[in-house]
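You will see two complexes here that share subunit A, one where it goes with subunit B and one where it goes with subunit C.
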Partner chain A sequence: MIQSVFQPDDTPIVKLENITKRFRTSRGDLLACNDITVQVDKGISLGVVGESGSGKSTLIKTLQLLERPTKGNVWIGGQNVTLYSEKRLKPFRRRIQFVAQDPYSSLFPNMTIAQNISEPLYVHGISDKKERRDKAAELMELVGISLSYFHSFPHELSGGQQQRVAIARALALSPEVLVLDEAVSSLDVSIQAQILNLLQRLKKDLGLTYIFISHNLAVIRLMCEQLAVMYLGRVVEQGNSDEVFRNPLHPYTRSLIAAIPAFTNNGVTPLPSESLLGGNRPSATDLPKGCAYQTRCPFATEICFREEPKLEAMGNGSLVACHNAMSASDNA
Partner chain B sequence: MAPLLEISNLSVRFHSDKAEVFAVNGLDLSLDTGKAIAIVGESGSGKSTVMMAVMRLLQSNASITGQVKLDGTDVLQLPEKAMRRLRGKEMAMVFQNAGSSMNPTKTIGDQMIEPMLFHHMASARDARQVAVKLLHQVGIPDPEERLNNYPFEFSGGQLQRVMIAMALIADPKLLIADEPTTALDVTVQAEVLILLKKLQRERGMGLVFVTHDLAVAAQVADDIYVMYGGFVMERIAASELTTHLVHPYLRGLVQSIPKIDGPRTELPYIPGQPISITGGLPDGCVFASRCDKRFVKCHERPRHISISQQHSVSCWLAEGGVEQA
Partner chain C sequence: MNRAMSLNSVIGNREQLIGARASSWRRMWSRLTKNRKALIGAIMVFLIVFLAVFANWISPYAYQQADFTSLNQGPSLSHILGTDSLGRDLFTRINYGLRSVCIVGFGAEFVELTVGVMVGALAAYKGGWVDNVLMRLVDAVASFPSFLISMILVTMMGRILPVMLLAVAATSWVGMARVVRSQVLRVRQTEYIQAARSMGASSLTIILRYILPNAMGPIVVAVSFGIPANMMAEAGLSLVGLGINPPTPDLGVMISEGQQSIMSYPWQLIGPVGVFIIALLGFTFLGDGLRDMFDTRSRR
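Right after this comes the complex of A and B.
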């Protein structure tokens, strides 16, 4: 393992501070992230949920500085790296690694499994050829791929095995944080369970922290201690994931949880009887004044059309951005 | 009453240069009018092939045997011309990716009206009215105007609604939905599922829902058929899915799905890889090589053992009574 020499242990590994990201489009400015503040502490994995277009991907791209924010700061290990040049960023990149949704298209088809896994070491120039080979073998063992695949190419492996390779590659630089973007969504359920088990084991054994994007709330709950719910570029609810599931306070979180088909200890959640998500979602290039959820919210009152709600701490420790969070929770 | 759709002993094989693919192997299925069933399976289990065979939309390298009776008519015996009259009229299909199932160069209106003209159901002007009404029913705002839009002008969820409207245009008795919500956001998925379920109830249609998601299947269907390696492993009422399941495969599958209120521990999983149906099938049970309960008898292919009217299992364990574990 590579020791972190950067900071004492209680500084957050990554911190996003008032991040705003605006994209120029032909239809006007698109506000992908709007004043988002999130921090990831060591050992406290963060799950991010939200519909497509809610800004999840922009958030994690900004967090890895693959996109620079329009406003706000990105802190990695206590240093403000927002404006660092690529060259100065390189050592920081090692600490946050990424696993994409589709394992096949994220691996190099023309490289063997071992080459794929050791490529990050080559890019960062931190070992010689033999060391890289040994490291690849070690990582293959760690993620449960038989060494007989050492010289195989990605297309010769099944989807589950390819995802193991992608995870092994992400671990090559001994990162502190793994960003997993729908990393198990394209796998069949029986294979998905194997990958989830692997991720749980790695989290414990290597002391990894995850930032997990998934539409599968049960997966998020399994892997993450913290949960952030996004809607149209804003974090609308954030808190301990058990608490948010038990006691969702934002009307959007509520309808999101209700909308998701899931297994519970008492069978399968029923199909909601009528559409909980009535109303149209406004376009991200033309957001209404006030709360972005006003068009679909059954509890919207006059203030929601006027003023944008700020994230505020609730009694249960969750942060919620809703003018009527309390009364909404009473009515449900 | 005779079932709306009755499939007996359906087998589908694909011939290619390299090998034969045993996609579906002796499948029985029945669906009553006004009911919904789900066919659930992992990739390669043959779930989509079954319904493509019912619609007779498989490629020419497929050989199909068995019977598929729709309202008493064996559709596998019909000449192609008669089949064209049936397709879209008596039975219709909704596919996974609405965007790629539509003609990008024609407006939604043109595409909706076409089948009505083909089946001689209405004049062009009436057909337009029907299209407007249907779009309204599936929850597209301003249907009159939207008819003049092209597919790319709709969002994914809306396009799926348009496709459902298209499928309903001839008022079919049977609607087949093949992973209609897989490409959609969860919230949009819920909306589309609610819509499908509502339309099915209101119109008294039979609905076949093909999906890889057991939870979705349980939400939408009355009966669930679980497929593996081209065989139905278990047929079970949706309400009994988690309580009365018998087959070790289904048990393994359900246990491997994380529960939203479950413990944060490792998940039980089915070891090994899904069976390859290319080249040939094992003599015995197709699941035996991954099954932790296998015993001597599994060398013989299990027959379908009936447990109750709505519940049957292809597993020797079910012989001689079922123990609930």
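Right after this comes the complex of A and C.
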């Protein structure tokens, strides 16, 4: 139904097609993902932004097939793997690896750094002990951890080092796609910069493609060619990230970008007016009729309360789900 | 040639940086020996278990061998802990008594561990109504007065070792089930288990390789505290006259007999009680030490 703005030459590495994920809760159904379609082609990293509760994490869990979608399909390398058993899924899992937000809790606490890094090789039964050891040392050098930590345990390392270990472990299976779920947000700003540099270098050297989940727009702009903005389980704007940043069309995207404090020559950019950020977010279990953003949108018109907007291609190539996208951008 | 050499030096350098890894046994050992309390506990436990296991070889007499020429004798070279009212060697009887105590202590703990791990792990794993039913069963059993249940079981089924063992284990497995359940629940929802799943590890690999090793600490600690608790329960039963049938020696029985003659022949109480204290303290110290050891935060 909805096509990505990037027409692939060959099959995309990952494609999420009309993903809908519904959770049953005591307060009613929670629609974590509502008909989301994104695809990731080789070399075109995807950034996903959205506030907490927007369905980013559920989308990623679905992509990892830790959660199966209620509706929709997950394609990996041109194969629909949505309903594959764990066993059949295993070779596909190799191609997409995952770096979690909190590196410490995602590393095996009972294993050394080297064991942690080479664990994926063990799980996939690819190499013997000696080869795993060599590979671990190699990966440690690649991500810049001193080999003197080879036999250390995760809790003996700093947060930045732990994140490097997590990245090394994710790289052990030579994946095509690396999913980074808020991978730098738990780190100090200076450490963040180091990790981002590392990620940029790896992207170039290993030809990796990233799926970068973050609420830090600047980070996404730095790392990703493509951007999807999520709001309450829907993709509200999607497109070339440079284009979206230069010319955001959805009012939500615009408020996000306007809320980035940036240094100017003589101070800091003023934060946006109340009207752009005001209003309350509706509960995810009790969405209003029509556009989910209506409660906060300064441009909402009568149709927004009546009809849910669909993602539509705009003049600049972005896909936007807003009835008033054009007029809203004119008003700005 | 040149390149090969530099490559070799790179690899040599690498090995140098990596260094040798202390084996996990050696690391455990060094951590244990650094903890003096745990070390003392371990030595005491070793001593107790040694006496119990090798009772036949160590003991100078047979435990039922009465010597009516030397009744109620104090400690001497031929009877280092004295004799009892039938002239039997107390040291010998304590060794064999330790054997019963250890069989009940370890055996009941083994039963508790087996049942507790199965119930706890199943409850945590399945969740939902299985968890609910199992844990309500655990709550129900936990609300029984455990000593009373043990007494009833022993009275009904006879005063023999296997019955004592089961009587002690009958109610105390619930603690283990709770510990195991909470550990499995805790580990199961950690991010590294998610990481393992997204790596493609099978359920069996996840349980054996990631959940169990990381859930182990508190379980081991619970075991090392459970053993002396079982010994206490067994001694308690003996003390109220529900111990193992004589003439099989039993520490609890010996303590209750010694207590009757405390004024005239105090060694008949001091010997068994002293050894029993060593056993209880040893396990408790060891448990404390193990708890410190498994605490990853303070692990060095």
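Remarks
We take it that the second predicted complex is superposed on the first by the 314 of 332 C-alpha atoms of A that agree within 3 Å, B and C clash if a C-alpha of one lies under 4 Å from a C-alpha of the other, contacts with A are read in each partner's own complex, and residues count from 1 in each chain.
Methods note: a residue touches a chain if its C-beta (ideal position, glycine included) is under 8 Å from a C-beta of that chain, and two chains touch if they have at least 3 such contacts.
Values in this document were obtained by computation on a predicted structure and should not be read as measured data.
When both complexes are superposed on subunit A, subunit B and subunit C fit side by side without a clash.
Of the two partner chains placed around the shared chain by superposition, subunit B is the only one that A:H215 touches, whereas subunit C remains out of contact. Counting residues of subunit A touched by each partner, subunit B versus subunit C, the larger count belongs to B. In the superposed pair of complexes, A:K15 makes contact with neither subunit B nor subunit C.
In the superposed model, A:Q200 makes contact with subunit B only, not with subunit C.
By the touch criterion stated above, A:H323 is placed in contact with neither subunit B nor subunit C. Once chain A of one complex is fitted onto chain A of the other, the partner contacts of A:N110 are limited to subunit C, with no touch recorded for subunit B. In the superposed model, the vertex angle subunit B-subunit A-subunit C (Cα centres) comes to 80 degrees (nearest 10).
Of the two partner chains placed by superposition, only subunit B is touched by A:S255; subunit C is not.
In the superposed model, A:H151 lies in contact with subunit C only, and not with subunit B.
After overlaying the two complexes on the shared chain, residue contacts for A:R132 are found with neither subunit B nor subunit C. Taking every C-alpha atom of subunit B against every C-alpha atom of subunit C, the smallest gap after superposition is 14 Å. Within subunit A, no residue touches subunit B in one complex and subunit C in the other. Across the complex, subunit C is touched by residues 64, 66, 86-87, 89-90, 93-94, 97-98, 100, 102, 105-110, 112, 114, 119-120, 123-124, 137, 146-148, 150-151, 153, 155, 169, 173 of subunit A. By the touch criterion given at the top, residues 42-43, 141, 185-191, 193-194, 197, 212-216, 218-220, 238, 241-243, 252-254, 256-262, 264-270, 273-274 of subunit B touch subunit A in their complex.
Against subunit A, in their complex, subunit C makes its touches with residues 14, 17-19, 21-22, 190-192, 194-203, 205, 210, 213-214, 296-297, 299. Interface residues of subunit A facing subunit B in the complex, by the touch rule stated above, are 51-52, 158, 160, 188-190, 192-194, 196-197, 200-201, 215-219, 221-222, 245, 255-256, 258-265, 267-277, 280.
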